[in-house]
Amino acid sequence: MIITLLVFLPLLGFALNAFYHFNSAARKREPSVWVAGLIASSAMVAAFVCALIAWARLKGSAGVGPVLEESLFSWMNLGALHVEFGYRFDRLSAAFTLVITGVGALIHFYSIGYMENRGSARYFCYLNLFCFMMLNLVLGSSLPQVFLGWEGVGLASYLLIGFWSKEMANIAAAQKAFLMNRIGDLGLLFAMFIAFKFAGTLDLARLAGFEFRPDVATVFGLLIFLACTGKSAQIPLFTWLPDAMAGPTPVSALIHAATMVTSGIYLLARLNPVISQSTTVLLVISAVGAATALMAAITACFQSDIKKVLAYSTISQLGFMFAACGVGAAEAGVFHVVTHAFFKALLFLGAGSVIHALSGTQDVFKMGGLRKRLPFTFWTFTAGWAAILGLFPFSGFFSKDMILHEALVAAHGNPWVFGVLAFSALLTAFYMTRLYVLVFFGESRLSEEAGSHVHESPLVMILPLVILAVASLAGGWFGVPVHLETAHGEGASSVSPAVIMALSLLIAGVGAFLGYRKYSGTIQVEATKDPFRVDEFYGAVVGRGVKSLASFFGRYLEDGFFQKILQVSGAAVDLGGNLFKTVQTGSAQGYLLMMVLALLGLMFGLVFGVNGYGN
Amino acid sequence: MEISDSLSFLLTLPLFAMVLSLVVPRAVQRGYAIFASLLFLALTVYESSGILFATSAATAARFAVEHQLQWLPQIGAKLSLRLDSVSAWFVVMNALTAVIAFSSKGVWYRKSPKLFTALGFFLLFGLNTAFLSQDLIVFYLGYESVFIPMIFMVGIWGENQKASAVFRFFLMSFLGSILMLVSVFFLLSRQVKDGGAVSSHLGSLIPVAGGLPELHAKLAFFGFFLAFAIKVPLVPFHSWLKDVYVLAPFPATIWMSAILSKLGVYGMIRFVMPLFPQTMGTYQGVLMAIAACSVVYAALLAYRSNQPKALLAYSSISHLGFVMLGVFTMKNQGALSAIFLSVGHTMVSALLFFLLSKIDERSEGLDLGVPRGLSQQFPVLFTALFVVMLASVSLPGTLNFAGEFLVLLNSWPVSTLSTVVAGFGAVLGAAYMLKFYQQMGFGASSTDPGKQGAHAEDLSGFELVLVFLLIMAVVVFGFQTSIFLKGN
Amino acid sequence: MSAEFDLLGPWISLCAGILLTLLISVIRTESKRPAQISALITVVGTAVLSLGKQPSEAALVFAGSFEISSLTLLVLGGLCALAAMFILGTGHYLSRERIHISDYYHLLLILVLGASVMVASRNLILTFIALEVMSLPAYTLAGFRRNDSRSNEAALKYFILGGAMGAVFLLGSSFVFGATGTLTYSGVFSASKSGGVMLELGHLLLLVSFLFKVAAAPLHFWKPDVYEGAPTPVTGIMATIITAASFLTLVRLIHMIDYGAAEMGNYLAWLKSALRFVTVASLIVGSTVMITQRSLKRLFAYSSITHTGYLMLGVLGSFDSGASASSVLIYLCGYCVMSTGAFVLLALSKSPADTGTELIDLTGLMKRSPYLTGLWTIFLFSMAGMPFTVGFFAKYFVFMASMNGGETVVVVIAALCTVVGAYAYLRAIALMTMREAAPTSGEWELTPGSQLVAVGAAVFVLFLGIIPNAMLQYLKGIPLIH
Amino acid sequence: MTMLEPWMMLVVSLVIFGVGLFGLLVRKNLLVMLMCVELMLNGVNLSFVAFSKIHNSLDGHLAVLFVMTVAAAESAVGLGLVIALFRTLKTVDSDQIQILRD
Amino acid sequence: MIDYPFLAFVAFSTIAILGSLMVIFKKNPVASAFALVAVFFAFAGLYALMSAHLVAALQILVYTGAIMVLFVFVIMLLNQDRPVEDFKSSSGTFKVISGVAVSFLVFLFVKVAFLARGIVPAGDWTVEKMEEQGGNVKSIANALFSDHILQFELTSFLLLGAIVATIAIAKRKGSSGRTAP
């Protein structure tokens, strides 16, 4: 029952905190952040411990694909459909579970400091709910259960992005995230229907072993991929992620960097055997992944909000992972998920620490020279920076290098993908260095007021930073956590890993150098811009489209046509009534004449019609 | 099958309660109504517990009860009531809706409370007659008699300008139901022509309908279909709905959206499917398309509505489109999923209107404009509203998700296109429900707390317990689906 | 013969009552009460006498020109009961309108006598005389508000058109007589085997005159005007007693000729389509014009045209078989009860006579008198054919009869007209319950007698709407035609 | 033998009926209209007697007797109604009685 | 040989038709009434031609003697003995339609009435038989008081009703009710 316990611990935290929240509300008292935070954090720590125990058991058990299975109850049984509610813990799940519980626990702790004075038990409720849902996603034994987690994390994300609900902009961002995710979710929903129709099962293990018809496999794969683009912010459904930065920064770190957005990778990795059945799907995935990586990297270079830069960076990194999955090297993608979780969480939390120190300022052009004033933050951020650049021996080096290598050598590898990814890596180095330099080096550009309050964050925030910094440094040495089937040797070309490593380091160096050159001197304030304007495009086409369709229906059908039908039929009856009334002149002789005419008609019918009289 | 006359209690008790309500003093009228309906709910659940809690379809079938009472031998109509795994759900939902309706916004008890309670119990009676009857004439009687209390509830307690809405509601419903009656007559006359003994029992009409020539069957089918399509409503036949939902007092809106609409669903499952399987099969594609269009069309209009009640009204149409999609699969599993989703819809839409009525009580009235920023002020109320809203957008883990999922799963092989279209409706559903919640819940508070007087406190007491229990039911049954599916 | 005279008892008692009432009012001229009481006793006694008798077989007396059967006794009893209800329920109206004179009661009794004999008649001349015995008091009663020109107008219109149509009936009788050489129904029946256009023409003329009496479109024009102008109780009497008797006579006239005769085949087929036209026209005209009306009496006039249409549905249904059209009887029974209730209520309106009672007078009635509103609602719903009222079962039987007769399209049209008609009734109900009272809306008074009648009728309507078994059993056992 | 045959009487009777009907339609004086009703009834009477003659039957004669009685009663009532109308409206013109309409 | 019955028929029917036309075309109601009297007399002659002597006698007694007197009395009572232009007040179209409709009606009636030529007598009450039974009057009286007694009795109520009705309706204003309330 260890897995079940592991999943339900956050739910327990959620329930306790919910009770605490309503209890305090009823007594008109502010709930204490420390109480709420400790409840939530201890639930997460306990879950992490459980995850470690389970991991140990998994290591200990023999067999090719060691799995821990726990079935709770049967969820839906109808006809051929049998959906069990249960959990499966294998290597892939284990990697994700450890990240979720581990990084999650750290971020919970961090939140206690970050949310002091502004948070409440509600916040920790949501955070725990998120973890519960995320664990369901990665541990669920069947697709509906994955879907439960899938939509559940969307819900938690919605709640947390809109956490500060007095600002309507935050609510709008939250809604946008939820809706774009919902569009993606449709893909998963439809994929389930197809799976059930053709495979007759929704169980993940059985499904993974099922051989689909080629065309079905393509459609299925594309639908799954659609779901993944929504959740993992890939083209075309990526625009919600930058807006999602409206939530508290720890949330961005946990949900929108480390865990939730990577669930697309999880699903692709989980269904890798099915996905791999169609080369079309793989091609689409790698192309979209590479394109997203490049596009987001370019956009990140033009952002001035510290969190937005990180957000685009996340999208870009997710693009790397997708590209890895697309070329048929899902384990490289998963590896990158893990390392990325460490260093991106670290970066976000560092950014959070900076924002916290500056009382909410997020514009990098209003920072600068914080190296001295926030030493812990600076050093830990440096670790994150190095990791994302892929500098040896930081974890990013290993995973990114592996992806670049696989892009060339994997079964579905492609030099184009490699090229794009490499260029993206260059840009990554550039914009991260830009950020790094703007925040921590140079002259202070703080406003008077913000400058006077700058202070290093409390221990409860620093400690997670340090731990994550260590993880970012060491994470890569553990190696690839999973072993998925990857066909080697049939790749486009075979290149030595060493060459790629060197190339990768070179790229990082060049990018960092360029970034440093540009931003180390006098700073020109740059306005934020979105070179691709995808968001505007969606707003103009999809948003306006739906609205105008709705108002078209509303105006011409609902208030128009349907009302007209009623009015016309009413008017027709009324007209008939008034028509029949016109003979009601009040003149008795008029009536008599009408009756005589009626009689005459009847008699004509009788005499000539019936009897043919007179023929 | 067991012959029992305990079923007739399900009809006589509401009538008894109706008569009693005319005697009960004004001051305790509301308490009486809630108490009596709760008692009736308990009785109903007890009566149908054998079916409800059966673990397998076979067990449920064994608990099915049929009760026959000679009523109108001259026209071959019998009071043959049947409580089985189809009708049991609707009967229970009916009793439940009465509880919720009576507990909703209490303004009605300021004006002729006795009449209102009496009408409510009459409604309960009429609906139970319709849900239990296996005899088409008796079914029609129940089906049609439901209009009477509804008209008066909307007409007497409704908002201004309600008369034309009432007319629309009544005339369209009546048009449908009378054409259904003509279809029944048609079948009966056919029976006479075939030389059989006249009986309007479903069982004896099925062979008659089966023997109809194709064209006749189509026409007869159309009569039935129109009645139920208007009642549900499906989209081209829905134009009565919005105004009457908006203008009706909250209890009436709850009744209409939660249970009156189910009459259509029930009729389609219970009568149309067994009577006209071939015709329905012929038009299946069209029917599925209509259902899918209902989903999307109503969702778009809900998205466009700024008035919370209108929005919920359209959302009701939209969700019922899913239900009908399940019904039109014409498969056992599809129908079962549809019933499942119906139950979800009953609870969720009743709760939504119930909570909206509570918001209405606590603000200056919804007709004066949508109140804003209330979630800070009434955290419990809005949390409940949020959870119900999630159920309404069928978030996994709720009853509605399981229902909707199974419906779509079953409709996918039958008509993929319709299912895809309906799926997009689900996305829109999320959009308008979020808008609905955000409108009232978030932002800066628009109401002056000083103005609200006695109703300024949050949801509490009986209302809270009721809402909590219902929400728990929505969540628990979202996982414990076997209670509905019974291993079918 | 003595047994037959025993069966004639109810009629004799009615005649005796008429004379007694006359005598009493002549002797006690200073008060109108005795006449009212005497009339009431007469009709109640006659009703009891006639409903108590259940002859198993029809007896023809007076050389085959008069039929004593369960039907004719039922009709006599029923009409007397309706008359009793009106006598009891509308006395206050007569007082208010200053037409409360003994003559009113004589005329009413003579009217009932004529109506009941008309249905029992099996001889065309007797039918004509009975028709006039019924009609002359009706013309007069319609003009009984003598100081009101509207009442005079109504009476004269009714008289002129009724007189002309009486002549048409006679001409029809004459042609039938010419074609068959006899004036008794049975003689015509046996002679009709040979057919002939003269017989057909005569038959048609007979039917036309009675279609006029029951106001089937397109012979309905008189009805709204006469209804509006006549004093309300008289309108009620026309709507119930006269309509019921005329309709039953119409049915008997339709079935006067032999339906099995091959020579009549063409004619019967044509006649059926003509009646179908009349049915549909009555339904459509009645229901559509009904919704344009503001005056309540005119509304009920068009409503009764619609009801004629529904009754014709029953006739159409049983046309081919010549079978006993029990659906007609059932419908009439329900229709008379609910109309009586409605008109008794209508007579409670204290609106000035020169404007008549308008729909607007109902506005906000629920606030002023929930009791009255409840009664109105019951009758109006029954007219609309809502469940649990007798109106539903009445409609059930005519629809079903018509459907069995293969008239599916007509039934569909009738169903649609029901919806249109329901709108008109619902509008009245809506005015009562859903609107606030307007300053112009008229007053209503409640009197004990009218309450008794209205509540009784309402109970009857509901009772028969829920447990109609006994009534159905009884009425189904009564053959309309022999 | 005579050329006179009963059907000739019939023609006369029907023509008189028609003339009465026409008069009823076009005359506005209520008294004359009542006379026209009498004309119609007389026409029918003649046809009854003619048919009676054709059929060698007595029924037609009897019918005429009754019709005469009815006609007398009817004209008495009709004239009474005209008098009542004259009292309120001071007219016997049928065009004046068109208050009730629609 | 002169066909006297036919000549008489032609004369009477001419008088009847012309008289009836005068009834409707004379402007003065009194003139109409007198034309009507002429028509009634002509009818009596026609009845006599068909050996319906009782009917002929009653025609004169009842119609001319009773009904027409009543008419003339009422005309005088209401001061209507002056020419009225009411025939002209009717609209032309109305008259034309009425005329055409009535003509067609009569045409159809007559067309059917021609069939009377082929009718086989159904009864045996020939003139000769009536003479045997004691004459036209006695035969009719026998029938009237045996088979048609019910009609006869009912007419008494008809007359009673008519009397009551006429009194009730034509009474002077203000005397509604035997006792003014």
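The first chain written gets the first letter, and so on, giving A, B, C, D and E; residue counts start at 1 in each chain.
Criterion: contacts are C-beta pairs under 8 Å (C-beta built on N, C-alpha and C of every residue); 3 or more make two chains touch, one makes a residue touch a chain.
Remember, predicted model here, so these are calculated numbers, not experimental data.
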**Item:** Minimum number of chain-to-chain contact steps, chain B to chain D
**Value:** 2
**Item:** Chains touching both chain D and chain E, listed by label
**Value:** A, C
**Complete:** Judged by C-alpha centres, the chain sitting nearest the middle of the protein is B
**Prompt:** If every chain is reduced to the average of its C-alpha atoms, which one ends up farthest from chain D?
**Reply:** A
**Request:** Mind naming the chain pair that shares the most C-beta pairs in contact?
**Result:** D-E
**Prompt:** Among the chains, which one keeps its Cα centre farthest from the Cα centre of chain C?
**Reply:** A
**Request:** Could you grab the centroid distance between chain A and chain D? Build each centroid from C-alpha atoms only and quote it in angstrom.
**Result:** 96
**Message:** Nearest whole angstrom, what separates the Cα centre of chain B from the Cα centre of chain C?
**Reply:** 43
**Item:** Centroid distance [mean C-alpha coordinates] between chain E and chain C, Å
**Value:** 30
**Complete:** For the pair chain B and chain E, the C-alpha centroid-to-centroid distance in angstrom is 71
**Message:** If I count partner chains per residue in chain A, which residues reach a count of at least 2?
**Reply:** 581, 584, 586, 588-590, 592-593, 596, 599, 603, 607, 613
**Asked** Mind pulling the chain B residues that touch 2 or more other chains?
**Response** none
**Message:** For chain D, give me the residues that contact two or more of the other chains.
**Reply:** 10, 17, 20-21, 24-26, 28, 34, 47, 50-52, 54-55, 57, 59, 62, 66, 70, 73-74, 77, 80-82, 84, 87, 94-95, 97-102
**Chains that touch, pairwise** = A-B, A-C, A-D, A-E, B-C, C-D, C-E, D-E
**Complete:** Counting only contacts in the complex, chain A reaches chain E at residues 589-590, 593, 596-597, 599-600, 603-604, 607, 613-614
**Fill in**
Touching chain D in the complex, chain E uses residues 3-6, 9, 13, 16-17, 20-21, 23-24, 29, 32-33, 36, 39-40, 43, 46-47, 49-52, 54-55, 58-59, 62-63, 66-67, 70-71, 74-75, 77-78, 80, 84, 86-87, 89-90, 94-95, 98-99, 102-103, 105-106, 109-110, 113-114, 116-117, 119, 121-126, 129, 136, 139-140, 143-144, 148, 151, 155, 158-159, 161-163, 165-167, 169-170, 173
**Asked** In their complex, what parts of chain A are in touch with chain D?
**Response** 581, 584-589, 592-593, 596
**Parts of chain E lying in touch with chain A, wherever the complex brings them together** = 90, 94, 97-98, 101-102, 104-105, 108, 111-112
**chain C - residues contacting chain D, complex** = 125, 128-129, 132, 136, 139-140, 143, 146-150, 152-157, 159-160, 163-164, 166-167, 170-171, 173-175, 177-178, 181-183, 224-226, 228-229, 293, 298
